[in-house]
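Next come two complexes, and both contain chain A; in the first it sits with chain B, in the second with chain C.
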Partner chain A sequence: MMATRTRSPLSQEMIVAAIAALLFMAFFLTQPVFRTTDNLLSLLQNVSILGILGLGMALSIIGRGIDLSIVTVMAMSSAWVLQLANSGLPLGLALLAGLLLSIAVGLVNGALIAFLEVPAIFATLAVATLNYGVVRTALLDDNLVYLKAEVPGWFHAIGGGALFGIPNPVLLFALVCLLLHLFLRYDIAGRFLYAMGENPAAARITGIANRPLTLLQYAICSVIGFGAGMILASTIGSVETRIARSTMVYDVILVAVIGGIGLSGGKGGVRNVIIGTALIGVLLNGMTILNTPYTVQNIIKSVILMLAIVADSILNPRDEQTSQQGDI
Partner chain B sequence: MSLRSTLSRLRYRYFPDHILGEILSKTWIDNAIPVAILVLVLAGLGLWDGDLVSLRSLTGMAPQYAETLLVTLGMVFVLLAGGIDLSVGSVFALSNFIVLALFNMLGLPIGVAIAAAILAGGLVGAVNGVLIGYLKLRAFLTTLVTMIIVKSVVDLLLLSFAVRIATPVTTSTFWDFLSFDTVFGIPPSILFAIVCAVVGHIMLTRLRLGWRILAVGGSRRSAYNAGLPVRRTIALTYVMSGMLAAAAGVLYAARLNAAGSDTGVGLEIVAVTAAVVGGNSLGGGRGSVTKAVLGAIIVLVVTNSVVRLGLPAGGNSLALGVILLLAVVIDVKWVKNRGKLLSSVYVSPAWMQLPACPPTAEGSGSPYALNDKLADVQLIGLGEIDGPEDPILDEAGNLYAGTRHGDIIRFHAPDFTTHEVFVHIGGHPLGLTFDRQGNLLACVAGMGVYRITPEREILRLTDQTNRSWLSVIDDSRMRLADDLDVAPDGRIFFSEATIRFDMSDWMVDALEARGNGRIICHDPATGRTRTILPHLRFPNGIAMCRDGQSFLFAETWGCSISRYWFDGPRAGQVEVVVADLPGYPDNINRASDGGYWVALVGMRTPAFDLMLTNPALRKRMVERVAPDEWLFPNMNYGCVIRIDETGRVTDCLWDRTGRNHPMITSMREHRGWLYLGGVSNNRIGRYRIPGADPDWTAAASYRGEAA
Partner chain C sequence: MIRMQAMRKVYGSVAAVDGVDFDLDAGEIHALLGENGAGKSTLTKMLSGVVQPSSGTILLDGSPVHFGNPAEAMAAGIAMVYQENSLVPTMTVAQNLFLGEERAFNRLRPLYIAAQQFLQSLNFNVDPWAQVSTLGVAQRQMVEIARAVRKNARVIIFDEPTASLTPEEKHHFFGLVRRLKANRVSIVFISHALEEALDLSDRITVLRDGRLVATGPTATFDRARIVSAMVGREAPLVEATQGLRNPRPPGRRVLSVQNLSMGNIVRNTSFSLYEGQVTGIFGLIGSGRTEMAKIVTGVFKRNTFHGGEVLLDDRPVRYRVPRAAVRDGIVYVTEDRKAEGFFDDMPVSENIGIGYLAAGFGRSRIVRRSDLARIAREWTQKLDVASTSGDARVIELSGGNQQKVVIAKSLVQRPRVVFLDEPTRGVDVGAIAEIHRMIRDLSAAGTTVVVISSYLPEILAISDRILVCRKGRIVEEFPADAADEKTIMYAAVH
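Entry: the complex of A and B
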């Protein structure tokens, strides 16, 4: 079960950690703005949403899947919560409704993948489109939903507050890291998830209930996405649903993959996501400070993602004799 | 015969149960689902609003269809090789930009602009191809990243040049023709797309590259192990996809003459949806150009209708998402269960009633009475030969036999202790015979009839016959050529046991008891091959009669031996010689006393005989019981009989223990000995025939009547 680390002496994880540290040092030494405590705190805050989503993505990849609907879930269910709250529903009920919506989307993902045997990439891609289309046309009035209703102060504190000077989103990121780490490392379902990701056929033969486990896996992913959405919404007081159509989900994949979570499943853990988040956070923050245009940022991120995938395929080479047929 | 069994006989005789399974086994059946979806979509939209599917509205989509089809074709090539290309939308936008920039802004000749655009598409495809094919990256993520990069580059360029590229500084008659003209009322873009589709179809079905793409997608590991250039093939599919997407971008530029940040956005989803809705499998190996054409029509009709019906925002992507999901589910389930469905439907038993089984009990006075004459045969090549269906000896006394490994083995005279591979053919050689020039002729399972000269040269004589018009299965190919003999004028008559099952499933044919087999004549003088006797119940052994005008043939599941005249006054007639054998006859060969040896490959049992009159029971058995538990003919006894030309049994040899020679498929008399072969035995038996002419050989017997 402990085949979760690459055997290579120079693992991708270490390389990425080193690059992140180098970049950090470079920005730290050359950019005065970067050095400020405010900037470092905002760096952490900005990146924590990405990190939380990355944890969800990591969970789906470890179980030999991928969840392309996680950003859509984040945007659509949190937008619905705001809309419900605006229409006069108590905030608690609105949150519950959003949670149930996200769980439902996760279960649809899981059912398509586990029972209808649709490849995870397509199932989640189609569900993302459906989720966006249905919620946007049936439940929302506009693309951009502002929180207009009077809500209890604790709601704003979720994303806006701070404890001991550390912004709450960062603490929440740490909390999700801890919970997911405990789940993956010590919970039976978590251990089974690695087994399923490593070799689904063998897991099934040994008696692991792959299908319910897949449902659980995608439900958790969706709940993580919903949580990230609520943190974001409470921080800025609005939700822009068009984020669901953006390339943000690829940033999330980037965070997970670049940290060393093997796309073939069964490998990696929370630590990899933290390292990936650190690199991407430093990079995004640095590029913003350098005033790099958005499209150029996209190109740079994409090239880095490409390099990460190349490194992944060199460190975890595909064997012609044992690779899965039809694995795209 | 009771009314009930008469009805049953008529029902199974005239109702073509076997057609369903044969249709399902066709590769074109995969197209049935997209065609059905297309009909349903058109009918549904037509009912909703007739104008949506009117001829005018459909032809209005033609230019757009050309672009969709080109991108879908490229996607299909990539999917067929087991990948996916998400960068097509960005390549489309890039090519659109390049054409407009070079032609409108810089005023370069239109040919240069188009060539540059398509080259750029090919380059992006080549990057994808190198990364995925040679570096073995994952197709989905890799092309996703190239999609974002190319898209970002195009967006950057558009920021600076969006206005200038939309205002042409030059004109070109070709460009105007491409943009506005029609040929016989058809836009040139759609003609170009049709040409690409035809070329693509020829490539996939007729050319080496297409076959390699299908092989790599069908099983990458097998293709790799077979020595195909897997990496190069995969890389090439991305180049093709990139160039086709670029060509579509050129057509788009000609049509709209503008570039925006939303150009080509979401095109990859359209193309994947079209490909999968058409029935091209994700994961590779299954698909065709026809399916791409169908899928592109379906997707375009649906998306255009959604737009025209004015559904709310997001409706378009909603429709696409639903279609994509449904298509993938149907595809996954169809690929997974088609084999299961086929195997439960394919076997379709027919009605048959055998005459009463003659007694075989010891002391019953029956000519078939049990004895132990084969208890002490000499064994040749024990454990060294696998599946000698039909041993034969040449004039020098060397013994030849085919093996399951696709060889013909030669045991050396006189004691047969040493052997060599005489020739390697590749398929399991079944019936063997020598022609009058001393060449060895062989029926090879799955391959046809071959001639092997004494110098070991192998020549294929025939592997196809005339196609019967009403047969769903392509019965022109030889599936199971079984035994053969040569007429005095050199014509070769051979049996093909069944056209519905391959060698590995030959015994399943017994459950059908339909006339699935036939006898075919090949004339080496003219090279013509023609089926002469169709609808026989597993025709098997063939032996020329001594009149030079007829031959005896055995029908294994019919438990009978018949005689067919191919020449002389009775030409064309069939006469049953033995109608009620106690077992299933296999090969027939001449005996020294003027009669014929017949091998009985298995024995009839009352249970199986009874079951033959109940096709429904056999059908249920095949559907519900595991194949290992199916009731089959009893193949555990060995028996050889000798008959004279009238069908009278003159000798009967049993191996009662079934230890040495169960399932005897053939026997050959040579200089006083009888050599016994079995298609699933690991030995050849040698039995001294009491009182037989010690100088008689089959070759001399045939030479005596050479024309």
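Entry: the complex of A and C
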């Protein structure tokens, strides 16, 4: 494996995988409700959106950045698609418009980071706020957009359907995993992304076009966010745009970082996101079955995120000589 | 006065310093010599409290001491002046001098007056009002020294103090060191420049691979003895006081630079490069030689190009990013391999593979891993990169092997013109010879090679033609057979 490589045999990835497996066994043995096929399927379905967003986040972190706007892109572009469909536009065109909007947001992110050299964390934070504000005031009528128009059946099948008993969102998560894995490992841009994340200055001198690569990176992030938004919209038939103002983006970072995507860039891959998603999925589902209050769930999640970040900085120490001011 | 006994420091499984005894008398200048990685810096860092010894004792005036951090060592009168600056760049000279002594109500005027008087008493020509970031390297060093002296240091450790000084500044510096000695201050002087050590010191200690190999009064040493102690054999590092006896004639002109300017770092300079020759560019640090290469190869960012022309095969080119230069076959191999040379955590094969991919040979976007592995194997064998396998991460290799990986990463791009900036900096003796052999082979195969170096024997040993850079301009050109150390150095400093 080239993508994931850690010094100690006990990598963060393996620790997290073991914890996820232990938790799973614990819930499985002690909670009869957890054991049911229905529950296990709903567990998978519930985390698949988070997992897809985690893949986008992982992509941005591997290239030594971060995309805080991914949840906003998810909510705003999918809400706009529903609004356009409600106003009578054919669904295909509405989807195209949403896709273009998300790509545009990604390119703005990338341009700020690549050409104006704004640290990714600030650029994407500003773009997220701007995206929310502009789309909400200029394009949407309400915070909560219901799908009222008659749409073809396949649209409902995206989120609601199932194949061989497995819900479609889970299959779509698997598909995005596969595509991103192929991109990162076998596409030339994927390899360059690792190089840029590892050492941007060296990548540049070697002849890699860092700036176009950064644009591509954030565009793909946004498209992944848009895809997640459409799956969610199809599942529940509406989009609540205030999710953009929620703490969901922290859960997305949690999923990426906890699986071992190093925040210092250039490290990790799809497998790490899958492991992170598995842990968070089992944990959330188990806590819900145990009737853990929402606030306590938040405490547990935040403690886990903190532990993951501490473990990351111990396992992947930031190199003084290559880090830059404003880096996360 | 200070006695260090059986000092040992282990990093991981490697002993950086292994059982070294070192002592220092009052008012003595003690030179500490050795190759890169010999353990000089580690030994002195243990004395100054920066590094904690794994074992061993330090006796100060006969009683054992332990320094947990540099502040404790400073309180005992031991100060270290680093290669890299430890000043706050956004503060003024005076503020830096009095750093850590500010009172709650800190008035600046008395501070500046005191700083002025103090600097004058040392005969240092530094403006106390100047912000440190605006100072040159030599002046920053003066501020560092002044700070150490002001804190009544009894022992001052200088780590490569003269590396970035001009001859005149060196002269000043040596005067200062002698004055300190007259005031009974003890000096530890770490250096690569053997002549300076022989000139200045009372005693010499040579380390090799973390062990003490020779120590004694300076009078008992000469250059040959130091060199043989440093490298562990009689042959000196690079033997060349005369240039190559049979320099090759220039081939076709490949690259021509005309009236290139950038601020006051590169001033209206012109030079040409010819096929089949190794062109050596010699210049002191700060003479603009690296900057020239970086402008030509597009490594410098944005608007640093203040006029001038670069012709490749008589066709004007102007590279704003390295990518364009790489695709035209012009590569720059950096002098700072850690910051902008290799990808630390990637294996050797991947580093070389990225170079290959970035050259843009293939039409396909799809990466064939087996091809990359084969290319990496071929190059690691060609350059004799000693790693257990292509899977070793670059950060785990020695300096010499790291440098070979960085060079391989560029050569795999099949360049026509290669700029090698300080190709043997921080590289062990064996690897120096191999890199020099590689440079000759490259040139013999028709590649236009430029070697930038501030190490004269290296320039003389491998160049067919020598350019001397001074204050941002190529000022002299020598055919290799007409050059020797003295004439080149004269051109570089006057």
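Criterion: the second predicted complex is superposed on the first by the 314 of 328 C-alpha atoms of A that agree within 3 Å, B and C clash if a C-alpha of one lies under 4 Å from a C-alpha of the other, contacts with A are read in each partner's own complex, and residues count from 1 in each chain.
The definition used in the following text is that a residue touches a chain if its C-beta (ideal position, glycine included) is under 8 Å from a C-beta of that chain, and two chains touch if they have at least 3 such contacts.
Since we're looking at a predicted model, the values are computed, not measured.
Novice: Please tell me, clash or fit, for chain B and chain C sharing chain A in the overlay.
Specialist: clash
Novice: Applying the touch criterion given at the start, work out whether A:313 contacts chain B, chain C, both or neither, answering first, second, both or neither.
Specialist: The first partner, chain B, only.
Novice: Is it chain B or chain C that touches the larger share of residues in chain A?
Specialist: B
Novice: So in the superposed three-chain picture, is A:298 touching just chain B, just chain C, both, or none of them (first/second/both/neither)?
Specialist: First partner only, chain B.
Novice: Quick one: is A:176 in contact with chain B, with chain C, with both, or with neither? Answer first, second, both or neither.
Specialist: In the superposed model, A:176 contacts neither chain B nor chain C.
Novice: What is the contact status of A:202 with respect to chain B (first) and chain C (second): first, second, both, or neither?
Specialist: The second partner, chain C, only.
Novice: Identify the partner contact of A:119: answer first if only chain B is touched, second if only chain C is, both if each is, neither if none is.
Specialist: Touch status of A:119: first partner only.
Novice: Flag for me the stretch of chain C that overlaps chain B after superposition; candidates: 38-46, 56-64, 164-172 or 452-460.
Specialist: 164-172
Novice: So which bits of chain A does chain B touch that chain C touches too?
Specialist: Dual-contact residues (chain A): 321.
Novice: Would you mind writing out the residues of chain A in touch with chain C in their complex?
Specialist: Checking each residue of chain A against chain C gives 2, 5, 185-192, 194-195, 198-199, 201-209, 266-267, 319, 321-322.
Novice: Would you mind writing out the residues of chain B in touch with chain A in their complex?
Specialist: 82-84, 131, 135-142, 144-146, 148-149, 152-153, 155-156, 159, 219-221, 224, 230, 269, 282-284, 312-315, 317-318, 320-322, 324-325, 328-329, 332-333, 336
Novice: Applying the document's contact rule, which stretches of chain A touch chain B when the two form their complex?
Specialist: 112, 116-119, 121-123, 125-127, 129-130, 132-134, 136-137, 247, 250, 253, 257, 263, 293, 295-296, 298-299, 302-303, 305-306, 309-310, 313-314, 317-318, 320-321, 323, 325-328
Novice: Help me check something: in the complex, which residues belonging to chain C touch chain A?
Specialist: By the definition above, chain C touches chain A via 299, 321-323, 325-327, 331-332, 334, 338-347, 350, 353-355, 357-360, 365-367, 393, 409-410, 413.
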